[in-house]
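Listed after this line are the structures, all set down as structure tokens.
There are two complexes below, and they share chain A, which is joined by chain B in the first and by chain C in the second.
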Partner chain A sequence: MFEQTLIAAVTTGAIYAVLAAGFSLAMGTMSVVDFAYGTYVVLGALVAATLPTMDSAVVDVVARLAVGLATGGLAAAVVYAVVLLRLTDRGHLPQLIATLGIALVVQGGMVQAFGANAVSTKSEALPGAFRLGDVAVPNSRVAAAVIGVAIVIALGFYLSRSRTGKAWRAVAANPRGAVLSGMSLPRLRLLAGIASGALAGLAGALLVQYLPISAFQGLEYLIIAFFVVALGGMRSTVGPVLAAFLFALVEALANAYAPDLVKGSAVYIVVALSVVLLPTGLATLWMGKERLA
Partner chain B sequence: MKRLGLVAGAMLALAVVLPLVVGRAGTEGYLTDWVRLAVLATSFIWIAGLAGRLALSHHAFLGLGGYLAAIAAFEFGIHPLVGVAAAIGAVLVITWLISAASVRFRIRDLSFSLLTIALADILRHTFIQVENKWFVGGIALPLQDDPTRLLFMDRTGYFYVYAVLLAGCVLAHVWFADSPHGRKLAAIRDDDTAAESFGQRLLRWTFLPYAAASIVAVLVGFVTVQEQLSARTDALFDINLLIQVITAGMLGGMRSRLGGVLGAGAVVIVDQLVIAASLDDVAGASLAVYGALVVLAVMFLPGGLAEAGKGLLSRSPIRLGRMRTEPDARDRVGDAGSIELSPRDRRDLTATDVRVVFGGVTAVDGVSVVARPGRIHAIIGPNGAGKTTLFNSITGVVAATSGRVVIGDHDLTADGPAERARQGVVRTFQIPRLFESLTVAENVEIGAAAGGGGPDDARSVLGALGIGRLEMATVGELTSGERRMVELARALAARPSVLLVDEVFAGLSPQEAQLVTETLRRVKDAGVAVLLVEHVLSAVRALADHLYVLDQGRLLQEGDPHEVLGSREVRMAYLGQST
Partner chain C sequence: MNDVMSRRGFLGVSAAAIGGVLIGCGSDDSGSGGSSSGDLPKRIKIGGLAAVSGAAAAFGESALNSWRLAVDEWNDKGGVFGDGRGLIDLEIVDDRSTPEQAVEGMARLARDKDVLAVMGVEPSPATLQASTEAERQRMPYINVASLEATVNTRGLTHSISTSTTANVFLEEYVKGMRELLDAQGVKPQRVAFVYENQIVGPVYKRHWDKVGAKLVGDWNVVDAIGYNPTSQDLSPVVSRLKSARVDLPLMVSYVQDSILLVKAMKTLDYVPLAISGAAGGWETDEFADALRSDSNHVICAGYYSPDLDIEETRRFVKAYTDRYKTVPDGVAASAYNGAYALFGALQADRVGQRDGVLDAMRKVNLEIGKPGMIIPQGVKVTQTGANEAARPTLFQWMDGKKQALLPQEYATAKPKIPRPGWDALT
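Presenting the complex of A and B:
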């Protein structure tokens, strides 16, 4: 029982890490407020789940992930180009309210297109299970976790090494300075938005491999992404990854062991306590307070 | 007060006339829907519009009030208002905790929204569990006619109940928006750091609007349960209602006195249209319609219907405040007698051994400075020497890692920026931080209020600085030089004991610089202790009585300005070589 819980936490944690990475790219790095972030997750998941089953298990998984990634990125591209980029100089509140509206519109569209019920990938994409001592871990979960970790590591390298990654960090540190150095702020924001939407869609496609997801769950995943990033530290790269595993662990333990009355709220209570103790996130432990403020 | 009477009279007349005009069909249906939604939207605007924090917990507090009222009546057989009182107590505790956390940890914007919606979710889940365990299927109240419990036999009674609530909310809103407090809230919304530096208490002005709005939601929840004679979590903790409230607020206008009333009307009309087009059967469609309306309102109707209507009525949507650019009678430049520049009291400011550490960087490393009444103390040093950080730690904007700050015999070390401003420590910012949605006069009035003064004091300071003509201008219209002058006026209006001026000469025209020099001299002669961070050395030579030189966070030298500026060490720090 306990081992199962632990393994569920590790696999879900890897996907939450992807979710948080995309969220902190838009919110922490580019300081764009996107309430529709959770709907990219759900959209990626629903579209990926409707793909017909392929013969080859590997092709099947790769195709679903690619479709989730593309869907999320495309949706974010439209949202940024049509609405968000026009609101960036009006402060955060208009962005927040407008993207809340967008989330509702997309949700309505998804209910129409995919129905109101939760769906999951119908095929057993990667059949069989991986044996770890006495515990059997379904292969689809193992694959999801491995891919999640790989994506987050790749993103970390991209942010620190690539030209665009450096430009994003420059904008985060000082938008005006970045503009004066010849960077195009709208273009960088659009790119970051697409990347963040793509990561969200990918996370959705990973989740839907083993978890049923419905059109109404956008807000749920937005809240998870937010709390993971808050727990880990807005400005840190490593913090949210650790936080993702911690969050998934608390969630899994609460589901398994907490009394009914606090089952839904246990993880939030833990996060709240942690934020009181470490206001700038887990990353405070090794980065120091003010660099994260 | 006259305005309040007018609004009250108009609403009374409407409450009497409307039911007669539309008849029972209206009060049984859409008219009561409208008034109910208007109550929720008006209160929602207090926190989301006036305070600028989009709290997404209105539906949950409505559910809390309704459910506790039902439990009191059904389970314990006592008056439902006992349950309402319990709910209000819970609301006060919860909103205080959320407000304190959001002020302490600077939780704003999306973070605040998500924090509050997570809270709403926790409340909802908790009550679902309670319902599953003790009240399966919800609570049903007996049908009876008991006006003392707000139980009426038809819905018209509830129209009047909601109308009374709405009248209370709108009157409170009008009173508040017209009072000086309305301006304080706008200042905090625009720039909470600057507002705090002028004595505004962030916690109070987050908690009060949030708690007041949430209490109204609790009351509506109570009335809802009495009206429906049942309490079920899926009907009471309904996020669709929250969406309706947000849509109403956005459509009506989040900053307007009648925004909630207008917006709720628009939403009820949209609802009727959705039903007429039989879209209400299509899953997700009515929410999508609300979503689209919200997006359109944000992009094309930022002030909502209320602002749009005002613009049409007055036919002059553009403010003409800055038309007069010539000096006029309000500008009495150099007329020292016309304005009160004397400090509220003459006290020394002593900062002892201040250290500020950011991560691995020590920005200020054990610096001690003293500011004495009637003297100007300048702080110079290369970029990155820690001058502005020292200012921030003296005014409390940045918490010092160690060290003490004392004014007179009052220790400020543990106080926040608002308390330090109230003690007479007032500043300007390196990059001016004015309250963008207020006029110039209102900006300076915020300063005057921090020093116990009123609008007249604000006006006379503007006149003395030669910018009386800008009184009615909005901040967005100002040049960068004018911004600095207005910021200085705002600080002076607070009648500081200690004035901290951060690079005020940067970007001023020669005339403006001359005026600022004269003003600072007069401020000093009136007995204010002045601390001046400055790069313009000619201004330092002209003004400073005492000079501190910082380099790499340390105090390099201090003393008479001419001697210090001539020293070899100081030249080396600035030029990096010994020539």
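Presenting the complex of A and C:
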């Protein structure tokens, strides 16, 4: 059971890493709290699930991921362009209220469009399982985890090597300085918002490959993303990714071994403790408080 | 002289006015539920409290469909009292799947003096709150679907349940599995109770702790495994079952977790004697849709099965399917059952006002197969307001359809125990 639990943690952690990366991009670049984030995840999942099944497994998976990414990105584009860009300098409370309201409205729309029931893909693109001794993992989960890790690595490269990525990091570090050096803050923020939503939609499309998703689960994924980023460090890009695996590990171990009383809450207790001990997140361990403050 | 005349005149006018008011009240034919005794109103208003929006909206929709069908059937027959009297108006209030809104909804319906009674379909926490508010408002509350046992054990006098309770559900589920395995001459060597530990699982677990050993008899129970239903991967739970060589897991799960459990069983090639479950997840269409052929031979304890060999059930299923183009689920059946119990009680006792509803409901003793009684074994209301007749149905999934297994007298299929291996299902 222990090995199975570890494997479950790794595959789940990879998806959590994608969730956290998107949320962290918005928080880090724009210091924006987007409580509609979970909605982009679910919207991406539901739209991806309703695609007809393709003959080729690879085409099927790629198409669903592309649709999930596009759906999340488009939803975020609308939210940011219409609402959030006007609130970036107004503090977190107006952002929270506005995006929560949007999340509820979109949730209602999803229920109308997709129904109240959980939705699954019509068939499994990658049936079967990867086996190693007594441990087995569905191929769809393995694929989702591999793709998730690849996305996170690719994002890391993009942030460190591309012009836009560097600009985002500059904005996150010093928005005023970025403006003074000629960067267009609104354009960069909108792009970051869209990228954040796209990552959320992509995470949703990865999840729905093996998990039924309902319109009401937006809050669940928002909480996961939020707590993982809090655990990893809101001003770090690597911290949340590592925190995602740690979060998934604690969650899986608690589910397997902890008493009923704390099975569901153990991971949040751990996050709360870590925030007390390391207020700037796990990234403090290698980056230092000063760089993250 | 003028003072005496004016005093007499005043008294005379007052007497005439009072008499006129009394006569006016006595001849009210506007359909008020609060009309004086002896008058049967032309129209009666029944409240319906259900989730039109929110997480439980799927259940709410099923219930509303059934209530509307039941109301139309009774109105087409001439109303509750016949000859165009007691035509039913349904007043629906959305509880938005939350206890707070259920309380607010109950209070709103209670303020409308025309509402005779409120039927409710809520998740258990909302049912408890709604029943408490019903007591406060002195409003007859008919719980048609929640399995929450404490609705009728807290001494509340205004709540009647036409559904069974979680405790009975669990007992009949385990007894039913025992019956099915005994019939096949199969005895499990190691049994485990597996339950989600957040929603209704804890209720079942508490009752399992009390009566589980007695229910299973000489079966060897080796473990009780709780898990977090929001977990994204339940393969460790199945791994634990496999390691412990459990050959009969008895499971209580909701939708997503029941699907994940079966998927993990297939992934880990875990083939117990039977895969079975009780509570919300196992009997839903989502379960069968998500698992497709992997759901075949899974045995579930649910409110009912649409193929129960009961004429009245077949009639209901046809009427519902023709009207809504979908097969009614367990909540729909339970809501229909409850509505008919209420309307039948009002008819039997000729009750056209709120005051008489509870007494009428406590007399209800309708067997399965009577009009509207589509769920085993009918409705028989006790003094505490519980339905002592109701029993869950055990059915199995086969190619996306339910096949009734128990009660034996209404069964349409036999289970395959031991269940086939995973490769044989495709």
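The rule we apply is simple: the second predicted complex is superposed on the first by the 292 of 293 C-alpha atoms of A that agree within 3 Å, B and C clash if a C-alpha of one lies under 4 Å from a C-alpha of the other, contacts with A are read in each partner's own complex, and residues count from 1 in each chain.
Please note the rule applied: contacts are C-beta pairs under 8 Å (C-beta built on N, C-alpha and C of every residue); 3 or more make two chains touch, one makes a residue touch a chain.
Keep in mind it's a predicted model, so treat the numbers as computed, not measured.
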Handout entry: Clash-or-fit label for the pair chain B, chain C on chain A
Key = clash
Exercise for the section: Classify the contacts of A:Leu242 with the two partner chains as first (chain B alone), second (chain C alone), both, or neither. Expected result: neither
Exercise for the section: Could you look at A:Gly108 and tell me whether it touches chain B, chain C, both or neither (first, second, both, neither)? Expected result: both
Handout entry: First (chain B), second (chain C), both or neither touched by A:Ala136
Key = second
Exercise for the section: Identify the partner contact of A:Ala230: answer first if only chain B is touched, second if only chain C is, both if each is, neither if none is. Expected result: first
Problem - Touched partner set for A:Tyr210, first chain B, second chain C, both or neither - result: second
Practice task
Applying the touch criterion given at the start, work out whether A:Ala256 contacts chain B, chain C, both or neither, answering first, second, both or neither.
Solution key: second
Practice task
Report for A:Ala116: first if it touches chain B alone, second if chain C alone, otherwise both or neither.
Solution key: both
Practice task
Applying the touch criterion given at the start, work out whether A:Tyr268 contacts chain B, chain C, both or neither, answering first, second, both or neither.
Solution key: first
Problem - Colliding region between chain C and chain B, picked from 224-232, 296-304, 440-448 or 530-538 after the shared-chain fit - result: 224-232
Handout entry: Shared chain A surface residues [contacts with chain B and with chain C]
Key = 108, 111, 116, 260, 263-264
Exercise for the section: Going by the contact rule at the top, pick out the chain C residues touching chain A in the complex. Expected result: 53-58, 61, 197-198, 202, 205, 226-228, 230-233, 235-237, 239-240, 242-243, 255-256, 259-260, 263, 267-269, 284-286, 289-290, 292
Exercise for the section: Provide the residue numbers of chain A that touch chain C in the complex, in ascending order. Expected result: 1, 4-5, 7-8, 11-12, 15, 108, 111, 115-118, 120, 123, 129, 134-138, 141, 207, 210-212, 214, 216, 220, 251-252, 254-256, 260, 263-264
Practice task
Enumerate the contact residues on chain A facing chain B in the complex.
Solution key: 27, 33-35, 83, 86-87, 90, 92-94, 96-98, 100-105, 107-112, 116, 215, 219, 222-223, 226-227, 230, 260-265, 268, 272, 275-276, 279, 287-291, 293
Problem - chain B residues within the chain A interface of the complex - result: 52, 54, 101, 104-106, 108-111, 113-114, 117-118, 121-122, 125-126, 129-130, 132-133, 243, 246, 250, 282-285, 287-295, 298-299, 302, 357-360
